[in-house]
Amino acid sequence: MKKFLALILVSAMLFAVGCNSVTGTSETSEITQEPTTETSSSETTAEITPIDNKVTSYPVTITDQAGREVVIEEEPKNLVSGYYITSSLFIALGIEDRMVGIESSPEKRPIYALSRPELLELPQVGSQKKFDFEACVALEPDLVVLPKKLSDVAEQLEALGIDAILVNPENEEGLIETINIISVATNSQKEADKLLTFIDGVKSTLKQSLSDVDPVSLYLGGNSSFLSTAASGMYQSDMIALAGGKNVGDEINDTYWVDVSYEQILAWNPQYIILASNAEYTVEDILNDKSLQLCDAVKNGKVYKLPSDAEAWDSPIPSCILGSLWIASVLYPDSISEEDCNKIIEEYYETFYGFSYSSIKQAEAA
Amino acid sequence: MSNNAMLSVKDLTSGYGDKVILNGISFEVRKNEVVGILGANGCGKTTLINSLCRIISSKGEVLVDGTDVSTWSNRVFAQNCSLVPQKSGIGIDISVLDVVLMGFNPFLSLMARPTKEMVTKAEKQLKVFALEDRMYDNFQNLSEGQKQIVIICRSLVTDTKVLLMDEPESSLDFAIRYSMLDTVSKQIKETDKCALISLHDVNLALRYCDKLLLVKDDSISSVIDVTAEDRITIEQKLKTIYGDIKLLSVPDSENKESLIMVKA
Amino acid sequence: MDSATVQLSRQKQHKKEILCFVIGSVLLCALFLISLFIGKYPFTIEGLLSGNERQWLIFKMLRLSRSIVGVIGGFALGVAGYIFQTVFRNPLASPDIIGVASGASAGAAFGILFFSTSLMVTACAFGGAFLAVVFTLLLASIDRSGKNSTVVLAGIAVHALAQTILMCLKLIADPEKELASIEYWIMGSLNGINSNSIKFNILLIAISLVLLFVFHRKAVILASDEGEAKMLGLNVNATRLIVLLLSTVAVASVVSMAGLISFVGLVAPHIAKRLIKNNSIATMFMCGILGSILLESADIFARSAAQTELPVSVFTSIIGVPFLVFIILKGGLKHE
């Protein structure tokens, strides 16, 4: 009987270890890629100082975020984005008018309707889960940008002579790399510099304002369930760190949402609870949750939900820095006032997306 | 009509869908009487038993001990009539004793469990058929014949007035057929019961039944009174169903005359 | 064999069965106690004994409720599994296969997609389970031949139908949010349980279990042919409906608290039948105890094997399968 029990224990442990190691290795292999381009081979860190005459000279060789080398012969005119992150980036880079195809269900993301409603009319080429290869090819694109998960689709497109770039913006570093690769490939480096300069500006503002605050503990409630949270390897964890908070989920080593129990949350006893932008539950649900009445954040009413009016800032999209900014303004209103926060958000969307963020808030209020 | 008729059937018509299998059948079974139903395969023996048990719907009048059964609930009906199907459908692990105790179900309320007295009765009934040492065994581990005997015990253990059996001998081997029917007919005679048994084996029927109903072409073609009629009359009647046969009279071990049917 | 030897072997068997009950109950109590002290919140015995209010509240609200649901939920799944196998006369009939569980999951998925409040998800799970059973019985009643296999076939058809509905719902679900919720729900977990959300469900389970034990004798008669059962004085259709609905209430109550927990309802009765022979009410009780043991131990692993919460169904299978194989092998060797 002892042997038997031991067997169960071992198999259970193997299972658990197996789960962790698989996700762990995939994580490390992805961020080792350095983008190298002909024109800006040494410029991966040059985004701080904008150079006015940055122009891509074709043909250009690009190493995408899956490590594939792609040679682009001339400036691509017809673009397809199979990923909401790059679609949003195309708008920020001002190249959305070249788009001929977009990922599926764009109507679920308010940014398109707010910024470029015409994108909603574009043919859809499917999602990460189910890519519509034929629909994509039918659009005769010059360049297709896809998430790294769709690497087999990229190979197929390449075989048909259509350039495809795989991106993997799974954290801030990856996002900046994505911006660089796309801007070189599409000859929009000036706009990219502007965007990166803005992001860096917000970042240094945050660093300066938060230099002398005591980090407060924070629990991030996941999209699908409050009992799932961001583990240490996730983008959301960096976002919280940048906002000067301490993500209690950092204790868990994983790269995706992980399931936890009420007990675990109470053991962590966070001072703040922030809910993901697309959380299926509300702040009221959490404040009324009987199991959480003893949690400091709930006791003190410190439960907030990340806005989702324009975009979900808790995903590695170009505007993700605004997520850190917004959380910082919630955690440390004395260091970063709500007013300053709103001003920066307003400026961001006015500059890169051409609409007023405050007016949609007002429209909502009305 | 005699007043001690336990089961009387008047003008029974039955069938499946539009197909009439039995048309206007009437007969009766008296107290302590064992009545056999004979007929070729597919003539409606099982249909007759199932119609009486209200498993398939039928038209006509059925009286049990003088009372019309049409208004009875399943429970009351089961308190008066019990059935031995051709083959029991019990498909779970259950002890032999528990199967026999199922017979008491119509007499028990929802919450009640079988009483000590009922258990003793069940044990006794199993003893009659020499199955008492299998009492706590799994019903599923018995041979088909033994299972059949257990089901017969289940229907005999209570005070139901009418016993309906549908070819109970089909899964029993030669020797057990005789001892089984011998025991059943004795118990029918000793208690105030009656039995209606559809049978395959004519010799068995001739030996243990008091009366035989011959079913042919959706009705009862003739009735044999085994105890009163002579060999030639019975032979003539059986010929209408079984064709070219002969009835022989042989003495059994107690030197009593016994009839057997052979192919001519 | 004379009657004395029969009685003797009966007593021996009886002793063995009592031993099984004692071992089972002791094991269950031990698991219950262990489960009270395994989990993410750092309770200390001193803290609890000295009446640390925070520790006590959390202990009562979360830890104790979760352990209780493990025991009662497992018991209900085991007993319901036994009832399904008996009434359908099919050793493979279990809430997982007959459509009750898949009806409940399709209902829950519907709730997640269209209502999203946890109360509605629970209500939809209930509704789905009931619809599945009612639909199964309706489908079976079309066939007038009274074969019991029709009910199993109908159950399997309804199961397939519910699976298709579930698939369609998953197809239209948002992969980021709703799909993840549905998947998580289908995998089952005792994670979200707290003392406030379970009282009603526990009450429902308790009532239906008591009634199932009351109906036990009738349920066993349902395990024979329809005509045979009728001639044993049973109102077959009504009894079948009542017994199946009671089991469904029990299963749906568990499912709405903890999501789909696979395998317990299937494997507990099979193990119980091999431990307790031919004594149906004792077997039924043993099914419950084994179901509790299985679920409670699986949940202990689910909450402690990794840093995060793991789906409990993974462990019900990991623990259940070897145990079943062990019992079968032991039985097989004995026969040789």
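Letters A, B and C mark the chains in the order given here, with residues in each chain numbered from 1 onward.
What we mean here is this: contacts are C-beta pairs under 8 Å (C-beta built on N, C-alpha and C of every residue); 3 or more make two chains touch, one makes a residue touch a chain.
As the structure is a computational prediction, the values presented were derived from the model and not from experiment.
Chain centre most remote from that of chain B: A (centre = mean of CA atoms).
Closest chain to the protein centre (all Cα atoms averaged), using per-chain Cα means: C. Averaged C-alpha coordinates give centres for chain A and chain C that are 42 Å from one another.
Distance from the chain B centre to the chain C centre is 42 Å, each centre being the mean of its Cα atoms. Between chain A and chain B the centroid-to-centroid distance comes to 80 Å (mean Cα coordinates, whole Å). Within chain B, no positions touching two or more other chains are listed. By the touch criterion stated above, chain B contacts chain C in their complex at residues 50, 53-55, 73-75, 77-79, 81-83, 85, 88-95, 98, 102-103, 105-106, 108, 110-111, 113, 132-133, 135-139. Contact residues of chain A toward chain C in the complex are 4, 7-8, 11-13, 15-16, 19-20, 108, 127-129, 223-225, 227-228, 231, 251-254, 257-264, 266-267, 278-281, 285, 290-291, 294. Here chain C touches chain B in the complex through residues 1-3, 5-6, 9-10, 13, 85-86, 89-90, 146, 148, 214-215, 217-218, 220-221, 223-228, 230-236, 273, 277-280, 283, going by the rule given at the top. Looking at the complex, you find that chain C touches chain A at residues 39-42, 54, 57-58, 61-63, 112, 116-117, 174-181, 184, 189, 191-192, 194-197, 301, 303, 305-310, 314-315, 318-319, 322, 326.
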